[in-house]
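Each of the two complexes below includes chain A, the first together with chain B, the second together with chain C.
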Partner chain A sequence: MVLLLAAAGAPASASAQADAEAAREIVRHVDDLLRGESSHGRVTMEVVTERWSRSMGMEMWSLGQDYSLVRVLSPAREAGTATLKVDRDIWNYLPRVDRTIKVPGAGMGGSWMGSHFTYDDLVRESSLVDDYEVGVSFEGERDGEEIWEFTLVPLPEAPVVWGRVELEVRMDDRMPLQARYYDDRGELARTMTFSRFRTMDGRLVPTELSMYPEDKPGERTTLLYEDLEFETGLDASFFSLQRLRDGP
Partner chain B sequence: MMERWVVVARIAVRNVRRQLRRSVLTSSAMVLGIALLMFVRALEGGAHLMYVDTATRMGTGHIAMEHPDYIGSQDVEDRIAGADLDRAVQAVRASAGPDELVAVFPRVNVGGLAQSASSSIPVRIGGVDPTLERDVSFFADKVVEGRYLEPDDRLEAIIGAGVAERLRLELGSRLVLMAAGSGGELESQLVLVTGIFRTGVPEVDRGVVQLPLATAREWLELGDDATSVSVILSADRRTEAIASAIRQRLDQAGVAPEGLAVRPWWEAMPDLHAGLRADAVQTYIMLLILLAIVALAVVNSILMAVLNRTREFGVLRALGLNRRSVGGMVMAEGLILTLASGLAGMLLGLAISVGLFRDGVDISFLFGGDVAFAGAVVDPVIPPAILASDVIAIISIVVAMGILATLYPAWQATRIEPAEAMKTDE
Partner chain C sequence: MSDRGFWLRVGWRNLGRHRRRSVLTAAALAWGFAAVVVLNGILEGMGSDFVRSSTDLMAGQLRVQNPDYEPERELWDVVGGDEGVPLADLMGRLRDDPDVLGVAPRLYGAGIVASDSTSRGGLLMGVVPEEELRVTHFLEGVVEGALPAEGAQEVLLGQELARQLRTGVGEVVVLVAPSADGSLGNELYTVSGIVRTGIPEVDAAQVILYLDDLQFLLALAPDDVHEVAMALHDPWRAPVVAGRLSASLADLGPDLQVSPWTEFRPEVVEFANLIAGMNWVILVVIFLMAAFGVANTMLMGTFERRREFAVVKALGMRPTRIMAMVVGEALVLGLLAVAAGALISLPLVLLLMHYPIDLTPVAGEQMFMEGLFRFVLRVEHSWDIPVRAAVGLVLTAVLAAVYPAVRAVRVPSAEALAGR
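Entry: the complex of A and B
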């Protein structure tokens, strides 16, 4: 799950000269940082649109890329609303009508809890390095920081919509700064920024993630991680429909 | 007894002929009414044949063969196994004559999600065999940009103009399709836009994507299976008979009806069928109201004719004609009049439909030259079609009108008393 942060714990030995293999390695590291093993944490999601903005408190659990559970804590009106992901299937639980609804294939493009993320963003499992050719397009100082800029071009038959992705990674601690997603005309479609790097449960992670859709100027969705723990020891049986309804 | 009715009928004919001007005036309203009914139904019938042709060529076919549960579930779990598919195609070839069978092709139809860099929308995805479908596909005719699928295509796909607009796609764009495969898991497939079609049906233009059958099978892990087999016939006339012949052959070949349902288009597309029927019923109701008004005019003029001839009927009664014979005579006059004008009306309607508009009625002036209009594909030129069912319905309407319109005047005629009638001035 893209939204859950869990460090993979790869050694942070920055190589100054990033050749193709090293570039792949760094991208894999960043990707794993954002996907991770098992984790548990609290996060606040802020959604700002042209007409309204709101903030939701949530609790999240994850295990690898196959399992995750998100539960809304606040506002009270929506508390108890939950989303469960097992493999590539997603269920929503709506406490007010006491219903569990499976999101159908055709519904995967729908917005997740009113945010700018779609269900499909939640279920994407393939790793960046499996779908893209990685190249270094910039290496050096930009905006006062030493960075690499990787350009990822989809492999010929990879099932991805982007024409290319640009990923900026800080050299000294290999933290991602920005990811820019372009369509196949070369126009910017969305930007993700990473900031507020903190050490949580012994790992350095970005604790603020924002997504800016280019076709809706001024709108964004921001995830703020308040606390995070890793290697929680949860197993797959935790992620059940029963848990979706009743909570932990 | 018989002789008397012959005499009555002869008098009736003579009366109609003697009062030619009155007879023509009385019947002209009816001639026009029936001609209008005939012509409107011919136009509507022509439009309906076009809808059916279009709908069947969009992929369902005149006869659709599917797993019985597929129509409800739309799930690839309910599909036709490869072996049954071969038997189904054989059964079709054996059941329909070579002149009748235009095409038979397997399809993989699934609901899924189409995603581009800018958005994603739910779509109906069709895996089609370009070799088998190219000549009959409605979509092949409606490609407005790029080209239709070709036999060697693999990642190529054609999309509706509305899909292109909503996902901001152009020729060559990447498009990712997502749908549940044979294992029930969501699978993704990359395709490249190679053609854009505009059918004029908003739901289709906004929601249909087609890719090569082989690619769809590989993507959804279907092997040689398919979700449906479509049969396109040269005419709709024998659809029912051919469908039951296919059913019989499949039964003999050991394919159970629980595994494969054979449905004529009106069962496979119940919405279309119900729509066409509602359309026809609406036309009949409108025109029956019109004809009821015409019938009142006919009642009026026959009644006037009876009241004007009170003295004449009185003389006939005095000469020994009984009440029933007088009533029968009026009835016969009315029926001769209505049946003759009904027939004339039908001939006039036929002449207008076939003679004047044989090449079709161009209704494009109604739509400013654009072909698309509310919910249906209509070529703006509608060739009228006269259906046997309409001819039978119209004949029944004419006979019913004739009887109903003359009942009251005939009853009036029976009430004439000879003594009273002699007193009235001619």
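Entry: the complex of A and C
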């Protein structure tokens, strides 16, 4: 699930036909970095809106792109609320009413746990992978760091929502710094920033991810990873509706 | 005897000289008059039914909202804004307006509605059913069960939504909705009833619950509403009443706006205007046809009387008098036709006013702009239609007589008298 959300910021592998082999390689690295085969961790999600701010503690598990499970640990009032994603389907477990509810198609545009991410953002990641063509749009120093800026343009038939994605990657350790998402009219829709790079379970990763929606100035959703482990050995059977309800 | 009366009398006599022809022409005009009156009345009736049904069904004819509420429809943009207004006071003040028929508070939200077997996206609407019934009709479409009761945690589901959820009266559903404080509201409710409004989008998604229950689910305060909808005695007075209420509610602060249906349903206004436009087209087409008939009759009449005109001209009658004689004849013809037309159309109008012919079994009915468009031949009572038609007819007759009158004036006396 790290990946689940991070993927929104690490847009995808390049297409096989891309000219810039090196560029594709770096983007793939960023992609793999945040994906891993499987992962488990704790994360704090802060949501700041015009009207309210809240912070939720969560535990997350993931396997590849298809499986993930998130359980709310705090605040106490919402503890036990959980989300399971299997392929393109999402279920929520609501302890208050003790019901498991599949998010219907019409509900996929809704906010996930009050954040600026929608359910669609959670399931969309996998479709990004082969859908963009990668080009280097900038190379050199920006804001005191040597970076590459990649521009990802969707392939003609690709079923993607963005018109274009710009990804900034730091040269010295190939860490992502920022991703900017543009809509199909070429206007900036959201910005994702990556920071607080730490080594977790032997891997250097950004442990703070923030998403700034362009249409809501001053608002953000931030994910702070507190611990992360990779290659956990979980298999697909872990991600069941029963686990969603009863916990690990 | 006034001069004008004299020429009317002459006109009347001249008409009598070719009685059959005059009667036929007057009959054509009378029929045109009747056609305009009945057709315009039917169209007016359809338009008015449509305006009424598209505002009475769900929208209301007047509403109070926070000016920031549309188009984002954020939960917290409630009437009165952050300070809020005491809802009972506001409703009381609105009810006191003599034009207002009913006042209904509403709260909206969006979320997921889930039955035991499946889930769907739901449009949540919190209402006070007994107030809502005084403003709109959609709650009258309960096909099974009953309206949600106060304090009972009950919901009324759209018919198609209930079908898709495979649920029914007495069953339990869960509503899940992002609430105003950022948490995920979720509660269990019992289905009290199933409603069919006829608006497909509503029937497939609407979840109606008691206002207090939705306020609780969405973590809003008891006075928080997104809208206060009103019904008026006369829908067309909405803009006037909106202006008056805006002024009288100004002391409640800026986060409160009164708007008439003509503003929030502009497409309905356009449709009403389209109907009014069609009425004019009918009027012009029919009277244009009538004009040629009158012109023809008058032209023939003046041609036959060339010698007469030549004589009076030779005797020194002024051209304006000759014109007045011909036009006066047409005027009398027009007035006769109006009288006859009124006689023809009155029973038809009365019949269609009181016993509308329902063509929906053949023509069907169309749900259109949230209104029900039905092919019912019903005449809407309105005085301006017959008056407009009468004025149109008389003007037509008079204008059609101008050319023949000019011809009459130009009759060369000597040649006409000589029989050439």
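By definition in this document, the second predicted complex is superposed on the first by the 225 of 248 C-alpha atoms of A that agree within 3 Å, B and C clash if a C-alpha of one lies under 4 Å from a C-alpha of the other, contacts with A are read in each partner's own complex, and residues count from 1 in each chain.
In this text, a contact is a pair of C-beta atoms (placed from the backbone, for glycine too) under 8 Å apart; a residue touches a chain by one contact, two chains touch by 3 or more.
Just so it is clear, the model here is predicted, and its values are computed rather than measured.
**Q** After the chain A overlay, clash or fit between chain B and chain C?
**A** Aligned on chain A, chain C clashes with chain B.
**Q** Look at A:W162 in the shared chain and tell me whether it touches chain B only, chain C only, both, or neither; answer first, second, both or neither.
**A** A:W162 contacts chain B only, not chain C.
**Q** After the superposition on A, what does A:A106 contact: first (chain B), second (chain C), both or neither?
**A** both
**Q** With the two structures laid over each other on chain A, which partner does A:Y181 touch: chain B (first), chain C (second), both, or neither?
**A** So A:Y181 only meets chain B here.
**Q** Counting only touches as set out at the top, which of chain B and chain C does A:T81 meet: first, second, both, neither?
**A** second
**Q** Name the stretch of chain B, from among 42-50, 96-104, 168-176 or 204-212, that runs into chain C once the two structures are superposed.
**A** 42-50
**Q** After overlaying the two complexes on chain A, where does the chain B footprint on chain A coincide with the chain C footprint?
**A** On chain A, the residues that contact chain B in one structure and chain C in the other are 104-107.
**Q** Could you list, by residue number, the parts of chain A that touch chain C in their complex?
**A** So the residues of chain A in touch with chain C come to 47, 49, 51-52, 54, 77-78, 81, 92, 94, 96-97, 99, 101-107, 110-111, 113-114.
**Q** Taking the complex as given, what residues does chain A use to touch chain B?
**A** Per the stated touch rule, the residues are 87-89, 104-109, 118, 120, 123, 154, 157-163, 181-185, 189, 215.
**Q** Name, in rising order, each residue of chain B that touches chain A in their complex.
**A** Where chain B meets chain A, its residues are 111-113, 115-123, 155, 168, 170, 172-176, 178-180, 185-186, 188-190.
**Q** In the complex of these two chains, what residues of chain C are touching chain A?
**A** Result: residues 76, 110-112, 114, 118-121, 174, 176, 178, 180-184, 186-188, 205 of chain C touch chain A.
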